[in-house]
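Inspection log for the structure reproduced underneath, given as structure tokens.
Chains here go by letter, A, B, C and D, matching the order in which they are written, and residues are numbered from 1 within each.
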Amino acid sequence: MKREKATTLYIGPQHPGITGNMMVRLKVEGDTIVGARTEVGYLHRAFEKLVERRNWVQSFTMMCRFCVPEPDPVEESYARAVEMLDNIEIPERAKWIRVLVLELARISSLLLWHAGQGHSLGLYTMGQWSVGDRNYILDLFEDLTGARIYHMFIWPGGVRRDFPKGFEDKVLKTMDYLEKRLEDYDNLLFENSIFQKRTQGVGYVNPEKVIEHGVVGPVLRGSGIKSDIRIDDPYEVYDKLKFEVPTQTGSDIWARALVRRVEIRQSIRIIRQVIEKIPKGDVYTKVPNPQKWKIARGDAFARTESVRGEVGMYVASDGGAKPRRVHFRGAAYVHAVTLLEEVLIGQNIADVSAIMNSLGTCPPEIER
Amino acid sequence: MYNDKNKQKIVDIIKNAARKHSLWVLAYGTGCGAIEVPATMTSRYDAERLGVRGAATPRQADVLLITGYLTVKTLKRVIRVYEQMQDPKYVIGFGSCTINGGMYFDSYNTINQLDLYLPVDVYISGCMPRPEAVLEGFGKLQELIGKGIANGAQQYKENLDFYRENQKKVIKNWDFQDYNW
Amino acid sequence: METLLEKIKDRVNANFDLKDYKIYTDLKRVDLFFNKEHIPSVLLYLKEQMGFRHLMHMSVVDWIEEGEFEIIFFLWAPKEKVKIFVKTRIDRDNPVMENMDNIWPQLNTYEREFKEMYGIEFPGLVAPEEFILESWSGPPPMRRDFETDKYAKDNFATRPGREDAQDVRETIAKRSGEDIPDFAKKYSR
Amino acid sequence: MNILGAVTTFLLAFAVGMTYGGLRRKIVARVQNRYGPPFYQNFIDAFKLYSKSTAIHHGAMHFLGPAFIMVSSVVSLMFIPVLTNNQWFPNLNFQGDLIFLIYIMVFGPLGMALGAGQTGNPNSAIGVTRGLSQMVGFEIPWVMALIALMVQYKTTSITGLLDIQVQSGHWFMFENPFAFSAAILASLGMFRYSPFDIVGAPTELASGPMSENGGKFLFVMMSSGSVFAFVKLTLIVDLFMGGASNLIILVIKTFLLYMIPVTYGIVSPRYRTEQSITYFWGWPLFFGLIAIIYAVFF
């Protein structure tokens, strides 16, 4: 009789190496993966059903919960979609503040990525450092919005409130501190020979097929294609700002790591520019009373560049006081299901967690 | 650990003193709240100085953090995990969604009241709770353990039928074997 | 920009019978309406011939009053930097849509989700196991005639509120021995 | 060999190992900008684990696995001269106990393998496979270093080697530096700290062979681990650093030795299995060969 060689190995839902609450079912022969299947649905809260029972502003409190590590791009997408639907023109200063918030969110999420990438390869010091430093960014958020994680700040019609007193100096101080720390990160993570050994040539994504697979963000840029929503169809004031979009051609974990390493510095650069040339003025336009706010029939689709790549929000209105349909497209919706299942084939068990981190897996935005 | 302070035997007092200063948290992020757990464990709010550290598998863990809302699919896994943990074990309900559903009160896929399905020792309010609140919750749990009244596991054993009934009401495909300690 | 969008519309119109179209110049967006049987060939043409290689999104809207599902494909041309929304309507009572995950592999995920959430049948769907819900009994939840609050009330017991509808701030203030600050007073009952 | 002395040796080894573990956690925490747990945290953890009820039934071998590890640690401890010529810490020693020690020190992981095999947890199985293959990696330079000493000084008894150092006053780490470096590099793998913590890698295997062991099982593993750490440190001190005439010197020397794997582990990620074996068969093996050649010809 013939023995079945492949054993089934479940990574998650309870597993220290999994990112969030999901499961990957692996077929393993020795240490090599011969088959992978993503199983999600552990975080399905049916947001898109719940917003049918809430009006335009109430449903906006749901938006930031779509993706936990980086809530602001989702808020931004929803706000812009609603503004497209209702033809709301938001004041100039609000746009600049939105950019500031988005870039701060990008930095905090990239610091979380540092932690995840280090942790998944057993370098726990990296995680301790970067998550500790992330608190300083969250302090800025607390100053500005009043919340650490879920700051419902970017809302249809502008932003909730203006800078508190002395906020700009705090931002600049934090950026200086962060730039000092980034050198330490380089010494610890990027110049670490073991880290390079573990990441180079691992988690290879085929560069020919990335666009057809709907791959976005750092994974796309890591395989040599220069694509960034902030450049391709600019929103808010990104066309007035100077920043570079890094690309690498390795198309493995190491290449994505290098792309993100440059991105966090570019975000700091953008924030400095914003603080420098932000105009004076009003921060929100008057929107109708939320109870009576009706939006004419139509639909809109707004895209934002998050850390994991392009996220989009489709909003359809039936002329009523409640949205007819709100449908969110997360980068992980593609990365963590079809792409991950393909990339994992032939890899080593030891690298599963690292690959998931570098592909930017974020379960809540898959199931929503 | 089952009776209260004045009836505690001296050995229980010693045991509880050790237990309250070594709480191993199971590494299972069941919801949004899991984003604040790393912040709690790392440098600014260093939870390890209170003896709180992560445990990889249910067999080694003492504390089960229910970080936020529980979908029905996750609830099944959480129950399995909880039953794999060894006595004494504690549950911390994390965030307002575990208390009364929070903002998901009308969702068809999330439970509203955690303590119908698992015995909860400490609730932490907030959406989401700040790391200070989490540390406060751990402190409260330590206080209860010291008094010897953090006896959720005992409750679960004694009222197993009640919990099972509620669990089976929610989980449609019930395929667990019987509970064996 | 106007002319580019017009040209795209005309090129598609020349090859397929276009039911209707709409052009948003400021958003760089063209909406194209088709009958559902044309959709696969249209998508294939747009992807292969006209450079709309990136499928941004696929969505379904439940227009219950008109008894129809609207299925929308969001395409993006990386070179021209233009959006195209390909829209079609299918019958809501026996919703069947052609399976197209050979054109874009990630459509497989979307189709698995919509099969579950709307009950739309995709014949020949690869690996059509359940995606998000587990052993779900009852109507597909994302249809508008499914009432989630009623379902929640029936299945999940909620914690009863406090009988005396007293102000929480006062309770906390009494417990902690502090008095409510003035700015909070004007909100308390 | 008096029982009282043996018990004292065990208690000393347990206390020292546990304290070192706690100090390690403290040092790691300080590097990570944290305050860190108190140095006696490991004692609390151990007592808590002991006081946990254990309701895991996977069969006889699963119960015997931790016992094997404990036995191997204690037996190998009994063959280590803790202090030089002290009647309080006696040791069973005979001609050739070094060879016996080489065998008994790999006995523990084998017992662990037997125990973990029966849990039926795939993580345990994979972890055991990794552990054994890694052991193949670091045992070879380790044994080569010891053989170099045996060849060089024509004795296979630890006390013999120790006496030679004490009488001559020359430590072997200077007499035969290649053997010393080979042994140190191999001991990095024995301690199983990062980058060689591939056996119980949490983010890969959910703590590997220990996945199914909680409560008292984990207590036994933890304490035997700390005893074994003491054994390894003391053995290296005895063989290469001229032993220790009293406890203070012993603690100083062992702690300095212990800092090598700890500091290396703080800043390095985890190797993959084949990478770690390649590491051990690189410089450590080379040093081992040089050591033997040096021992034979000089």
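Observations on the model:
One rule holds for everything that comes next: a residue touches a chain if its C-beta (ideal position, glycine included) is under 8 Å from a C-beta of that chain, and two chains touch if they have at least 3 such contacts.
All values reported here derive from a predicted model rather than from experimental measurement.
Contact with chain B and chain D alike is made by A.
Here A-B and B-C are compared, and the pair linked by more C-beta contacts is A-B.
Taking each chain's centre as the mean of its C-alpha atoms, chain A lies 30 Å from chain B.
Taking each chain's centre as the mean of its C-alpha atoms, chain B lies 36 Å from chain C. For the pair chain A and chain C, the distance between mean C-alpha positions equals 20 Å. Each chain gets a centre from the mean of its Cα atoms; for chain C and chain D, those two points are 58 Å apart. Those residues of chain B in touch with two or more other chains are numbered 27, 42-43, 56-58, 73, 106-110.
Residue positions of chain D touching 2 or more other chains, listed in rising order: 32-34, 202, 206.
Residue positions 15-16, 41, 44, 46, 49-50, 53, 128-129, 132 of chain A each touch two or more of the other chains. Pairwise chain contacts present here: A-B, A-C, A-D, B-C, B-D [touch as defined]. Across the interface of their complex, chain B is touched by residues 25, 29, 32-38, 41, 44-45, 47-48, 51-56, 200, 202, 206-207, 210-215, 218 of chain D. Contact residues on chain B toward chain A in their complex (touch as defined above): 26-32, 34-36, 38-39, 42-44, 54, 56-58, 69, 71, 73-74, 77, 81, 103-104, 106-110, 127-128, 130.
Contact residues of chain B toward chain C in the complex are 72-73, 76, 99-101, 105-113, 116, 166, 169-170, 172-173. Across the interface of their complex, chain A is touched by residues 28, 31-34, 122-123, 126, 194-195, 197-198, 201-206, 266-273, 275 of chain D.
Here chain C touches chain B in the complex through residues 133-137, 141, 146, 148-149, 151-152, 155-159, going by the rule given at the top.
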